[in-house]
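Structures given as structure tokens follow.
Okay, so subunit A shows up in both of these, paired with subunit B first and subunit C after.
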Partner chain A sequence: MLTGTIYINGISCISAQPTLEQGIQVLLEKNDSEHFKCIEPDYKIHFSPIALRRLSRILKFSILTAQKSLQDAGLDMPEAIITGTGLGCLEDSEKFLLSVIENQEENLSPTAFIFSTHNTISGQIAMTLKCNRTNNTFSNRYFSFESALLESILMLKDGDAKNILVGSTDEMIPMIREVTQNMGLWINPNTGTTITGEGACFAVISETMTEHSYAAILAFKLVFKLSTGETIQDLVLSFLQEAQSNIEDIDVLISGESEEEPQAYTPVYQILPHSSIITYKHLTGEYFTASSFAYFLGANILKYGSVPAHYLKIDRMAPTRPRKILIYNQNKGKYHSLALLASV
Partner chain B sequence: MSIRVYITGMGIISALGDGITETLANLQNSSSGIDKITLLSTKHAENLPGGEVKLSNEALLEKLERLKGGKTHSRTALLAMVAAQEAAHMAQWHHTKARSAVVSATSVGGMDQGEIFYQDFLKDKPSARLALAKTHDCGNHTEQIAELLQIEAYIATTSTACSSALNALIHGVRLIKHGGFERVIVGGTDAYSRFTINGFNALMILSDTPSQPFDKNRKGLNLGEGAGYLVLESEDLIARYPKKPLAEVKGYGNACDAYHQTASSPEGEGAYMSMKQALDKSLLSTEAIDYINTHGTGTVNNDLSESIAMQRLFQGKVPPFSSTKSATGHTLAASGGIEAIFSILAIQEHLLLPNLNFQEKMEEVNISPQTVLLKNQKVDHVLSNSFGFGGNNSSVIFARC
Partner chain C sequence: MQELINKLKKEIIEQLNLQDLSPSDIDENAPLFVEGLGLDSIDSLELIVLLQRNYGLKIAKAEEGREVFHSIKSMAEFIHKNQNK
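Moving on, here comes the complex of A and B:
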């Protein structure tokens, strides 16, 4: 459990919604791809012909999202770049593995291997910015983004940085979509259809508020597994208590509910009867770093003071002027993450 | 007032030995674990020597006492659990009540099983075993360590190529200093895979003979596999369960070359900055460092860049240094954990560890590594470097306590 005041001073997100260029207000009802595929911009405007050829999708959309969040924060150079990714650079990993098998381990080009490692993303962002400072990558299932955020906050507290570029990214490729579907992962259990998504979200965080600040993170807690007998209601209530907040203070709950486990969050909805409830995975999909979208939503709602109707759960009222937001995510009873966001 | 963080347990498995005792004996005999590859099925088994752990997956599995059966494990996870079990045992893990976490590191996770799955998947989809694919991601092995050591509060995995384990250690230190944890097991693991061997081979940085770090005629690195884990504890926890710590984590740094995806900058900017940060954090002077366990892969590029960075930081008075990768091979994400353990063994046993196979000094610099084992040395502070792909550079300083 971390408490204090950490400001989100810039944030950008690419997702299956037009968030990169239009924020959270515009809804795209139907995404025609087989999964929740990112709505990508025309990369030609942003990258040189060499980079366009060489960089995979995940690298292009991550670099772009990271750059946009820095511009949003009015910051040229962060003192750390920390990325979380659940599955890393899948396109290049598959490309290299295929070449190893097809060419029977002979006469291989190293290019795909070079761009296959998980830290390629943070590394390429550093190279684009020419940033020599701390560079780190976390890859741990549903904590991939959350661990990156935790390490960023710990670094700020450790006095090792003032402004940190922290983010998440994951790409989906057809082969992994097929394999996860066969595993029964990231599907609607009733229909068997995939709910797999992809995307990237980068933010600039700092202990210093600026004119660009969106919101403050007041408390943050990660719990891998609940202790014996502990329920998610206990978890949320003790979190709020440690954060010195009451259930009445929570204007909005941003829930990680997905079609994969539609009832998983109901106990939390029950203890927050007066809060508005927001869900997003029905519009952006499920993936290891899907929960970073909640931070993008939360930051924007607090900055602009309103909740777009398409994210609201229908049986709850829209808040008038949201000041405090609780973010809660979990996956099948594990990887619980909680954050308390406040307006600034 | 900053909380002090100590090491109370260590566990290791590499080509140089299974466990601390065997590894230390082999270090003291200046042995090398570099040999022909015999367990991994690869075309390069004959021509590319490396540091393979000569235990089958079945033999590794048998070593795990508390493991519940019936699961599929990657070799990466098996190596990790064997080393983590030893570290936990030394730190009396199961007899200490503490708020605990695990932070583990890997570069390719369960690729050793993932690549088998993928090959089967290409040939005949239904025959490919999904259980193998489930071990593929980096987080899989960390969940297995957590289960073995009954860790529920928090788990994390770093993946920054060859610097991964030191970044896991740094996250662990910060969890204790600022995150409310009392004890964190940290380290790294990587198993041989055809993916990795062929990747490094395609980059043309593998040597077909035992590697010669810092030598004028060095030809490249030997890959290795293994795992190294350390138990970190807060000073308060040690007060509650009194024991003599093995060493203290004194300083740490992480910087980025931001130069090239796979090569270090000629002036070693990232290496210089990560060592400098670690020194600044430790509040030690450069003179206080008694030994540097270098990254020292044996590639033309790394060893020159790292030497230049050491010369620059230590201003002509570079302390004794060596690369123990000449004995273990480059164990990638595990190397930071394995070499942290070597650094602590050097402190505990008053040793300067040898850099094997060194013959001739590089022309571009004025320094050469420690080539023979020296006993009864003053070794109170050791700097350990791990540098990686993507320009990731990390350094940690360990101190006698």
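Moving on, here comes the complex of A and C:
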């Protein structure tokens, strides 16, 4: 469990919602019959043709989101770039593996190989920014983004950096969607509908508050599996206690509830009867780093002081001026992550 | 030779994903790297693969590579000279 105060000083997100340009206030319904596809801008406005020719979709939207979060924070150069990704550069990985088959393992294109590796994302952001400091990437299933955030917070606390660009990114391709479908992953069990999504979210975090600050992260905790006999209610209550908060302080709970397991979060809703509850996966889809969207939502709600109705669970009221937000995500009883955000 | 130059231009456009260029946009005498097409070190690896895969030719020494990859024309001359050896 980490406690202290870390500020989110800039944030940007690309998702199946128009978040890159319009924040969280505008709603679009599921925009693709197959999955929640990112709403992407015209990249030609943002990249030179020579840069564009090599960049796959995930690299384009990751670099752009990273750049926008830096602009949002009024910062030119971070001291570290830490990214989390569940599946990395799928498009380039597929391209490379197909070329291995087509060319019978000989004379393979180096570009597809270089761009298929997970750390290409942080590396390409670093090259675009001309940032020579630390960059690395965490790939840890549903903890990929959280691992990147944990590393970033620890670096800030150790004094290794003052401003860190931390983010998450994942893309979906038809072949992997077929694989996840065959595995029964990211499917609404009642309707059989695919709920796969994709997106990127980058933020600048620091121990210093600025005029750009959105919110503060007061506490952060990751628990892979609960102890024997421990319930998620125990987990949430002990987290709040360690964070020196109580259930009455929580104006909003941002929940990782998904169509895949709609009842999984009910015990947490029960112990927070007065909090507004926000869900987001019905608008972004499910992917390994979808939880980062919760931080984007939380930061925006605390900065601008309102909760858009389309994220609000219908049986709960919207708070007038939220001050504290609890973010809780898990997946099938594992990968529990909790964060306490406060307005600044 | 001109036929080979045109073929090479098309192959380079495809291999390096130069989407906005057509063969007529490329000057076969212009330097491929830094100036001209503005290619970089990753592109040089792609060109080595292209020569090997499409023409069965290998660049033995780095010095030779510098001469061969100076321009499209120098690449075509290298292919013409070595392909049927």
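Everything below uses one rule, namely that the second predicted complex is superposed on the first by the 342 of 344 C-alpha atoms of A that agree within 3 Å, B and C clash if a C-alpha of one lies under 4 Å from a C-alpha of the other, contacts with A are read in each partner's own complex, and residues count from 1 in each chain.
By our rule, a contact is a pair of C-beta atoms (placed from the backbone, for glycine too) under 8 Å apart; a residue touches a chain by one contact, two chains touch by 3 or more.
These numbers were taken from a predicted model, which means no experiment stands behind them.
Shared-chain residue A:Q124: touches subunit B; no touch with subunit C.
Set against each other, subunit B and subunit C differ in how many residues of subunit A they touch, and the higher count belongs to B. Legend: residue contacts after superposition of the two complexes on their common chain; A:A309 is shown touching neither subunit B nor subunit C. When the two structures are aligned on the shared chain, A:R53 is found in touch with subunit C, with no touch to subunit B.
By the document's definition of touching, of the two partners only subunit B reaches A:F143; subunit C does not. In the superposed model, A:E151 makes contact with subunit B only, not with subunit C.
When the two complexes are overlaid on their common chain A, residue A:I114 makes contact with subunit B and with subunit C alike.
Touched by subunit B in one complex and by subunit C in the other are residues 106, 108-110, 114 of subunit A.
Those residues of subunit C whose C-beta lies close enough to touch subunit A in the complex are 15-20, 38, 42, 45-46, 49, 52-53.
Per the touch definition, subunit A reaches subunit C in the complex via residues 49-50, 52-54, 103, 106-111, 114.
Within the complex, the subunit A residues that touch subunit B are 1-2, 81, 86-88, 93-94, 96-98, 100-101, 104-106, 108-110, 113-120, 122-124, 126-127, 129-141, 143-144, 147, 150-151, 154-155, 157-158, 160, 175, 179, 182-183, 222-227, 288. Interface residues of subunit B facing subunit A in the complex, by the touch rule stated above, are 42-44, 107-109, 115, 118-119, 121-122, 130, 133-134, 137-140, 142-143, 146, 151-161, 167, 171, 174-175, 177-180, 194-195, 198-199, 201-204, 254-262, 269-270, 273, 277, 281, 388-392.
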